[in-house]
Structure formats: C-alpha cells, structure tokens
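In the two assemblies presented below, subunit A is common to both, partnered first by subunit B and then by subunit C.
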Partner chain A sequence: MATETGLTDRTDEDRNVLERWSRLAILDSDRVYRGLFAVIVGFFLLIALFPFYWLLLLALTPERLFSDLGLVPIAFNVASFIEAFQVVPFHWYMLNSIVMALMTTVIVIVIGSVAGYVFGRLDFRGKTALLLAVLIISYFPPTAFLIPVFNLLTGNVEVLGISSPRLYNGPGAIVLPLSALVMPLAIYILATFFSQIPDGLEDASRIEGSTRLGALYRVIMPLAAPGVATIAILTFIITYNEFFFSFLMTNGEPENWSPIVWGITRYQGTRAIQYNLMAAASIVGVIPMALIVVLAQEKIVSGLTAGALKE
Partner chain B sequence: MANVRLDGLYKRYEDVVAVNDMNLEIEDGEFICLVGPSGCGKSTTLEMVAGLTSPSEGTVHISDTDVTEFPPKDRNIAMVFQNIALFPHMDVYDNVSYGLRLRSVPKDDIDDRVGRAMEILQLEGMLDRMPAELSGGQRQRVAIGRAIVRDPEVFLLDEPLANLDAKLRVHMRTELQRIQRELDVTTVYVTHDQAEAMTMSDRIAVLNNGRLQQFAPPLECYDRPANLFVAGFIGSPSMNQVHGRVENGVFESESFDVDVAESGVEDDTEAVFGVRPEDVYPAWRTEDVTEWSRGITTTVDVMEPMGDEIFLYLIPERLSRRGDAAVIEGEEGEQQTLLMAVDPDADVAEGDQIEVVFDRTKSHLFDAETGEALVHSLQPEPPEVEKGD
Partner chain C sequence: MSLERTDRTGLQRPYGTAVDWLEDLSETQFAYLMLVPVFLLMGVMAFWPLVRTFEMSLFADAATAPAPIGEFVGLENYVDIVRGERTASLPRPFWDGDRPLASAIPVTFVFTAGVVVVETLLGLTMALVLNENFEGRRWLRMTLILPWAVPIVIQGMIFFLLFNNSVGIAGIWLSEIGVFTRNPLSTPENALLVVMVADVWKQTPFIALLVLAGLQSIDRDLYEVARVSGATRWERFKTVTFPLVLPTLLVAMLFRSIGAMKIYGTIVPIAGCNTVPSLSCVVVSTFNSRLYGTSTAVAVLMAVIIGSLMMFYIIPYARTDAGGV
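Right after this comes the complex of A and B.
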C-alpha cells in the first residue's frame, strides 16, 4: 500500500523541506495540529504586537527621517521619550487617568459587591425582574446615553427646581458615568461568585459577631477573591482605556482632570503633528496597563488556587 | 449562664409549616437534644434560636431577655455547624479568634483564651495550620474551639458529628459531653441520630412534622413514650407495634390477643399495642419477668446475630396459619412480624417454633387514631421493677 501512494518511492534526500514536512505530517497528524497552532498564534501575535512595534519605531525615529521610515529601525532617538514630557505635561494626564480609574474601581467594587451580595445570596420578591433590568441597561451602547448624561452632568437638568450638579471638567463627570456603565457586569459576575460561597460560612461569621455587611467583607469577598479581582481589573482597564466620556466631559486642560486621550491629542499642533512624541507618549501610557496585567495575573492565579483548596 | 425559652414559635414558608407551635423551656446549664427525622423542623428551630432565621410568630428568650428581633451577633451564642464552616482563608488561630477580634478583645487576652481552648481540645501546635491541612476530627475540634473561646451563654450544635466517620463520631460524642460538663453551658444539640440524643442529653425534645412530640429525659422518652411516633423513633431497633382493638378487656389483633383488663383502657378502642424487643422473652426464661403475658406461639422467620444479642423476627402462629404472605409482610409497611432480642447463647434456629411472652409492666397501649399513649403498663399499678440482666 505504501508503494501505491508513492510515499516510500523516494528517499528523504530527494525531497525538499516542504515535501519532507508533509510526509511526516501524514504519518503523524499531531504535527499538523502543532503547525496550525503555531500559524494561528503567530498571526494573532503579529496583529497584536505589530502596532506596538510601529509605535516604537515612530518614537525612535526623529521627525526629519519619517520619509525614509521602513520596517527596520533607522534611528535610535530615545530623547523623544523625554521630550514628550517636556512639550506636554503628559505625566499629569496620566495621573488624572490613573486616579479616575482607581476611583471608578473603588466605587464599582464597593457598590457592586453589596448589590452582588443582595442578588447572589438573598431571596426577595422581584429579584429576577430587577436583575434582568440591570442586565438590559448594560446592553445599550454607552453612546446612546451620551447627550442626556452630558446634559445631566453639566447642570442642564432641573428636577423640582433643583439643578443637576455641574461636574464638567471634574473627575465626577468621568467616574460616575463609567461606574454606572461597568456596574451591571460587576453585579452579575459578583452575584455569581458570591452565590457559590457556602451559607454556613456566612452564618458562622454572623454568629461569631459580624453583621451581614461584615460577613460580606471579611468572609465572602476574600473567598470570592478571583471574581473581585477580575472585576477590579476589568473596571480599571475599561476606565483607563475609555475614550468617549473621557474626551467629551473635559476640555483638555490637565488641571481639569483631562485624561490620557487628551494628552495624546495635545501633540497635534495647528501646523504639525509631532508623531514621534505622540508615539512615545502612547507607549508610556500603556505601561501602567501592562504592569497591571502582569501583576493581576499572578493575583488571579493565586486566588483561583486558594479557591480550589476550600471544601 | 442562661436559660432559653421558646414561646409559641412558628415558621411558615410559602406552602409548608416548618415549625408548628414550638414551646420549650431549657434550663440553665442543661444539655438538650432536638431529635427527629429529616425535615422535622429541628434545624429551623435551632436557626431561630441562633437568629439566622426569623420566626413567623412567637418569641425566643435567652436569659429572660426577648431576643426575637436581635441579630445573631447580639445573642451571645455560639454555634457549630454540620458542615463545620471553618473559614477556609484563615488559619486555625484566626478562625478560633475571629469572634474575639471582632469584639476588639485585647491581643493578650485573645492569646490566653485561644491557648486555653486549644488545650481543652488537644490542638496545641496547630495554630498556624489552614483548615484544609487538618483532618476531619481536627477541623471539628477547631470549630468547637471557635465556639467555646467566646464563653457564650448558649451553645448550639447542628448535627456536628454527622460528617465524621463512625469511630470518630463516638469519640467526639464523649469529648463533647466532657467539654459541655467542664464549661457548664446551656447546650442545644440537633441530631437525627436517636442514639446520640439518648447518650448525651439531659432531656430530649422529639420533633416530627414541625411539632414537639415529647420533651423529657432520655429514659422517660424510652420507657414512657408520649405517642406512637416517639415510641417508634427512640430506641433501636424500634418498638414492636401491633394494630388491633380492645374488646372486653382483651386487646385483639390479627397476630395475638393480650389481656389488658387491668390497665384501665376502655373497651371498644382502636388501639396499638407496643412492646420493645428486649421486653419480649422466650417462655422458658420467664424467671426474668415480674409480670408476663400469656404465651404466644411463633415461628422464627429471620435471625440477626448482633454479637451481644440476637434479634429474632417472629411470625405469630395465628398469622402463619393463614399462610398469606401479604398479611405477614403487612400492608403499607405495617409491621406484622414481632421482633425479639435474645441472648447470643440462646438455642434457636430459623424455622423453630418458640413460645414468647411480654413483660406486662413494659407493654404500652396507644390510641390508634391520635397515636397518643394510653398506658405504659398493663398492670394496674406498675410495681417497682428491677430489671434483671
């Protein structure tokens, strides 16, 4: 049979690389899967990492050499990373973004965990309807809320003669809408995690002397750490990366809580765009995210293993 | 130190009444067991004492204070759970000291109390272990440690031994009794195991379908069961129960007749005759019995040697004469064979015909309709019997 298919007609020396590889692949199908895996993963890595490479290339190339820019670095101008901070107070924008992302995370965790507790561990009339309402809200595109929310937070809505707060150019204008946007997801995920903590543990905590809220923060949340960490990281990333509200709720001045998005656009002058500085700023802006992902990954993994040990 | 009083306690869920008019007075330092089959409301009752479930009606008093509306933390109680419920993310020290830390007890005091509890429970040197690293018995002891370290007024235990293996269970049972005696704390213990209830408690509260059936010391529940349910539930194997009718001073059934004229039970009563297996004797050993019934001829159906005694399943002659298997098996699980316990050296074999008698001072009659006990002896005045063994 082997002779008929021609697989053994020739010796390996007669074949080229591709022929050799395909012959081995026919004999061992795992090779095909490994090969496909490598190709697909390579493709996605390329798509994900090429922009970074390009940013780096842009940042390292002085403006006057842009016309010669190819795939290979032609200069190594690290100075643009410093210049970026000199031209625009980019550190200030970053600080704004980080502080607002942290504020959003705290709000979402505090309120979301209480709501998650209620939905996940208590039984009350209308629970399903309420949870469904929360979910439905989360299905709307955030853009749909933009104009009303803008009106609300710029003091243009009046209820019973009381004007809504003027939060434009303040952290509240970004933190509040984003907290509200992330909240449904947080409630849903936390409720699922909390509902899996055995009742006995909460009862034990309450008998030992804590309130329900005390039991939530001392026992339930530590045991649902992977879920809480997931939500915290997700909220931070969403807020830090967010464009829409961040761009529209501030006027772009760093002292007015304008976030990174604004900072990057500041490299765009009336006559020229300083692409190399913009690229350098973008790379610096990504660093906190990268740090969080690396650190949080460890936290999530340790949280998962701690969860695995419980009875 | 505290007494516990439950007054007209009800717990209704949408379509079930889990606890139905529960009234209990538990005295200071007493060890009582709530015992009953699954779903009888014993755990719900305990949860209402703990404050984890609020009653639909009625009040709970601890130390003569109405705590019905108090959250669990203000009731000064401690509880050990069936699933142990140690906090898996805390080590033994943190678990045991949890309640004390919540109450901001000074650190030295905490160390002192934890140390003492660990000594009582023989857990020294385990303080930095995590619950997952402990054996079942150790976890159970840590859970008990967490409960006793706060010096609670009332100690609640919800089937704490149910998840342990048989040998450890017996060991922990005596251990618990020792600890309870040492601390002299009012204790409410929930179990479905009547043997646990019998051996440990000062008084037993037998529950069924959310209702209190009897609340009495273990031996009284055993010797003078208030109704058919208690008679069947307390004691293993359970009491023989034969349905019949009292007619002209004689209890008549499909299996046998017993003269009950002297017991004072009225004629024309649908009744259930009850006698424990150990109060059925072979006729040749009647020297043990003070007052015995007329002999009944029976055939040995099945023998169950237990080692220290043998259980014989007997078919009364009257039944076997009818030869109807369905009658012998009984309809709807109604017992037709008679269970007897004999010494292991007794010379009997399956298929033998033997004559048996009942100890009349330990035979019971129950009202067939209500299940309430009518008499606990067929003698007019039960003489002081010293049970020979």
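Right after this comes the complex of A and C.
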C-alpha cells in the first residue's frame, strides 16, 4: 500500500514507461486475482450444493416424468414427501437415530468430562500411559472390534458361566460401542479445555473449604461448559451419521431400534425402485444435521480443529 | 462465585462420610477412582474386543460347526490370505493382478491415495479462500461445511441417485460421452471412481477446516515483511504460507488417510461390496458367512496397514520437528 500512495503523488509525466506499465500490471493483477477468486468460490459452492439441488429436483419429480429429467425442475410434486413415509416408516428410523444419538451424547458427556478433568488437571502416576491407551483406540478401524462386540451383544460370551446380556436389536447395541469409540476424541478435547482453566480458581475454592467434587461441579464444570457443549454437538453428529455399527448391530426392523442407515437403504430394496422417494427421505434425513450446522457452526469448527491439532 | 455454600459443615451424615473419604485419598487414588467408569466402558467395548479379535485371528474358521471358531492354527489365516489361498472363501480376492480394481488391497489403496491427494489440494484451496476477508465469509463457510455433516448413508444415496443408469444425470452423461460404461455402478472401475467422488465431496471441508485453523495462526507480521520486501502473492504463498501451514496439512492428511483406509459405509448404498470390495467389505462379508478366523485376520491386517501408514507420516515429521511434538 505504501508504494502505491507514493506513486499516485506524482503525475504521469514524472513516470517512465516501465513504471507506468508495471503500475497497470499490479492493478490489473489485482483485478485478475479478484476474478479468479470469484470463480473458485463459485466452483466450491456449485460442488457443495448441486447434490442437494439434485435431491430436491428428483423428490419433486413424479415417477412417470423421469424420462424427461433434466437440470431444470419439470414438476412440483410435494406428495412424495408424504408417500416416502408411507412406503417405509422413515419417521421411526429417524426417531431411533435421534434418540440413540442423544443417549450416546449423554453417556459421552457424563463419563468423558470426568475423564477429561482427570487427564487435564490432575497429576498422577501412569497418566501418560493411560491417556495414550485411550487415544490409540481411535486409530483402529471399526472392523477390529466387530466380531467380539457382536458376540458380546448377542449374548454369546460367557464370563464365569453367566452369558452376556442380549442387547442386539436394542439401543444398547449401537449406543455402547459408539460411546466407547467417540470417547478418545471427547477426552482429548475436554482435557485440553480443562487444562486451560487457571489453577488459581480451583485452588481458591479448595482453600475456602470446598470439597474436591464441590470444586469440580461449582467451579470447574461451569468454566468448561463451552468445551462440553462442543463435545455434545460433535458426538451427536458423529453418532447420527455413523454407518458401520448402526448397520451391523440391528436387523433393520424399525421396532428393533434400527437407525436411518436401514431406513434409507430399505428404499433400495422395495419392489419398484422409487427414486423420488429415496430423494425425499434423504432430504428429510439431512434436515437435523443442516439445522445443527446453521445453529452451531462455530462449535463444530472449534471442536474439529481442537480434536485434530494441538493448541 | 458463591463459595459459602460449598463448605463441609452442614452436610447430611452418610454423604458427609463419603465426602470425607474422598478428601482423604491421594491425588493418584482419586484420579484412578474417577477413571473407573471410562475404563469400564472402553474396556468392555474397545480394549477387550481388540485383544479378542487378535486372539480369534489365530484360530481356524468353523463355518458349519456349532462352535464359533475352530482349532488353534497360529498364523495360518494370515499366511493363507496374503498368499491368496483363501480367495475361495472371500467374496472378492485379497489381491488379484489380473483384475486389480476388483480385489481388496488395490481397491483400498487406490481409493485412499486418490481421495487424500484430491481432498488435500481442494481442501488447501478451500482454506485459502475462507482465509480471505470478504463479506459473507461466515455464510460461505457454513455452506461448504454442509456436505461434511451429511450422514454417510445419505451421502451414498445422493451419489447413487447422481450416477445410476436410470435417473442419474451425471452417470448417464458420462456414459454417453464414453467415459463410463452403460451401467457404471456395476462396473468396478467406474463404481470405485464414483465412491471416490462421493468421499471427496464429503471430506474436503474437513481438511479445509483444519488447514484454515493453521492459516489463522500464522503471524500477520510475516506477510507485512514479505510485502515490504516486494514479494508477489505467489512468493508470499511459497515462502510464508505454505511452509508454516505444512505441519497442519500433514496432520490433516494423516487423519484422512486413516479414515479412507476404513471406507465401508459409502460403498454400500452406491455400488455394494461386491462391486467395490474394500478391506472393510471383506471383513463384513466373511463375518456374515461366520468365517470368524478369516474375518478377524483381515481386520488385524487392516490395523497393521493403518499403523504402518501412520509411521509413514509421523517418522519424518518427528525427525524434522522434534521439539514440536
């Protein structure tokens, strides 16, 4: 900026040809740059949004018009949003998904924030080893847990002659493994949050005669609330979006707590494949996530970033 | 802060005793006590299953017998799988030189390498765009994050609807110009490409967000110095932005590589595991046929491959920047 104002102080006659030419190029390159920038933004927006546009277009097109399908809408058939629920009880699948995501979130918050406090604020022997043991879990593929977890939750594992409870086809079969697998991320982020709270506050309340748990719940937890909210949102998104255990730990019946994974794939199994209903159900299934992104964008960004990078 | 409510007097008797007992514990004892719930949950749902998976991989399959697993065979499962002698019990071969993109190892590696490279390039560009100051930046970021938040099954369904041969506009168009076959989602090579495109669509924002955080932590003064010394935009990127954002970029690539090696859910609604047989697909289909020995051995091999991949990123990084880790 400094060089530019220096140049404009002089009149055109004072400059030689080279100077004038380079000044134009600089200004022009800025314009080129801005044009390029707009093109790239447009490209990203198109890529991000076109699939959603296609879903909406398909959902609004009745089956008999599929042969005329193009890039512009040719019909406005809102009825497929109702029919989708009649062909497959998608509302039950969604309710199952939402309830199980909430259950996972509660478990992760309650257990994870205690663990995050311990790893973030206490000094004890074996801390590093235990934290590493927790974190290493997130690197294993879900396939590495599958068969033992499946056998355990179908009641095929015996401990001291007592067989494990049959949780398969129930909420526990999805909520428990997912809670355990989200836990490393939750503990890592929460430990970071807890460790950033100044020691002085906790010390002061302890000197005032507060108990350990009193200090934790009255001083530390309120200060860590933003971190806990971040974890709650991330856990909800991860669980609602999960495929592997959601698919393999239930048999696909809505009354057996099958989540949207089964609801969506069931449209592919119906007698005549109804593409407009698949699209309508997909749109409905995305709505909770879209709402979360709109309402809690900052939390998602800070959570993902804190989970992957060291502060 | 109302500390007067928190003193120890005035508590009810049994609660008071428990509190006193807690107060008398050493910090280490207290820490371990507080960690009981998390290790109970993770012990049963994560640590034990890992150990048990490894143990089961050392036993033979027992598909017909009532017992879930056969006799102890040591490393035979692994040896057979790697040498291609288990192909009969796998839905698709582990490794097939004649038709590589219809076998598990090449499919998984091509998928991982392809999506990580494309997502890194696009993610870096997206982050640079989001790092500029302009009106509506918040809205742009929100829109670009949206694909990341789409459930995997719906992500798969979207790309099924875009690329199938009856209503999929993209698939039909690519067939007409001869890039894809008449039925792309049943052709392994085409279907793999569609799954990769679906993954790039969903995961690019993840890399972009991490890199954006890296970009925002760069000291603004460095740009001022570069500008004063006459560096062009490209030179500023090359000498300031890129070297400083590289560690973050590598971490993002590492996370995506690990995630890509696990690919399963996206494949099922788009093309099915028979057309695009990733390693996770092999584990699930052998599990469904109750071939527990083979299935767990492939799962352990996956873990080993992912572990080696991590080393590939971590070792050079630790060497160049030992202080930072």
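Everything below uses one rule, namely that the second predicted complex is superposed on the first by the 242 of 311 C-alpha atoms of A that agree within 3 Å, B and C clash if a C-alpha of one lies under 4 Å from a C-alpha of the other, contacts with A are read in each partner's own complex, and residues count from 1 in each chain.
Assume a residue touches a chain if its C-beta (ideal position, glycine included) is under 8 Å from a C-beta of that chain, and two chains touch if they have at least 3 such contacts.
Not measured: the values here are computed from a predicted model.
In the superposition on chain A, contact is made by A:219 with both subunit B and subunit C.
By the touch criterion defined above, A:200 lies against subunit B but remains apart from subunit C after alignment on the C-alpha atoms of chain A.
In the superposition on chain A, A:41 makes contact with subunit C only, not with subunit B.
In the superposition on chain A, A:211 makes contact with both subunit B and subunit C. In the superposition on chain A, A:242 makes contact with subunit C only, while subunit B stays out of contact range. Looking at the shared chain after the overlay, A:160 reaches neither subunit B nor subunit C.
When subunit A is checked against subunit B and against subunit C, the one touching more of its residues turns out to be C. Contact with neither subunit B nor subunit C is seen for A:18 once the two complexes are overlaid on the shared chain. Applying the stated touch rule to the two superposed structures, the overlap between the subunit B and subunit C interfaces on subunit A comprises residues 201, 204-205, 208-211, 214, 219, 309. Contact residues of subunit C toward subunit A in the complex are 1, 3, 5-8, 19, 22-23, 27-28, 30-32, 34-35, 37-38, 41-42, 44-50, 52-53, 56, 68, 125-126, 129, 132, 138, 140-147, 149-154, 157-162, 166-167, 169, 201, 205-206, 209-210, 213-214, 228, 233, 248, 251-252, 255, 258, 261-262, 264-266, 268-269, 279-280, 283-284, 287, 292, 295-296, 298-300, 302-303, 306-307, 310.
Residues 198, 200-201, 203-211, 214, 219, 222-223, 306, 309-311 of subunit A are the ones touching subunit B in the complex.
Across the interface of their complex, subunit C is touched by residues 2, 29, 33, 37, 40-41, 44-45, 47-49, 51-52, 54-55, 58, 66, 69-71, 107, 111-112, 114-115, 117-118, 122-125, 127, 130, 133-134, 137, 139-152, 156, 176-177, 179-181, 183, 187, 201, 204-205, 208-215, 218-219, 237, 240-244, 247-248, 260-261, 264-265, 268, 273, 275, 278-279, 282, 285-286, 289-290, 292-294, 297, 300-301, 304-305, 308-309 of subunit A. Note for the complex: subunit B touches subunit A at residues 50-52, 71-73, 77-79, 81-89, 98-99, 102-103, 130-132, 146, 150.
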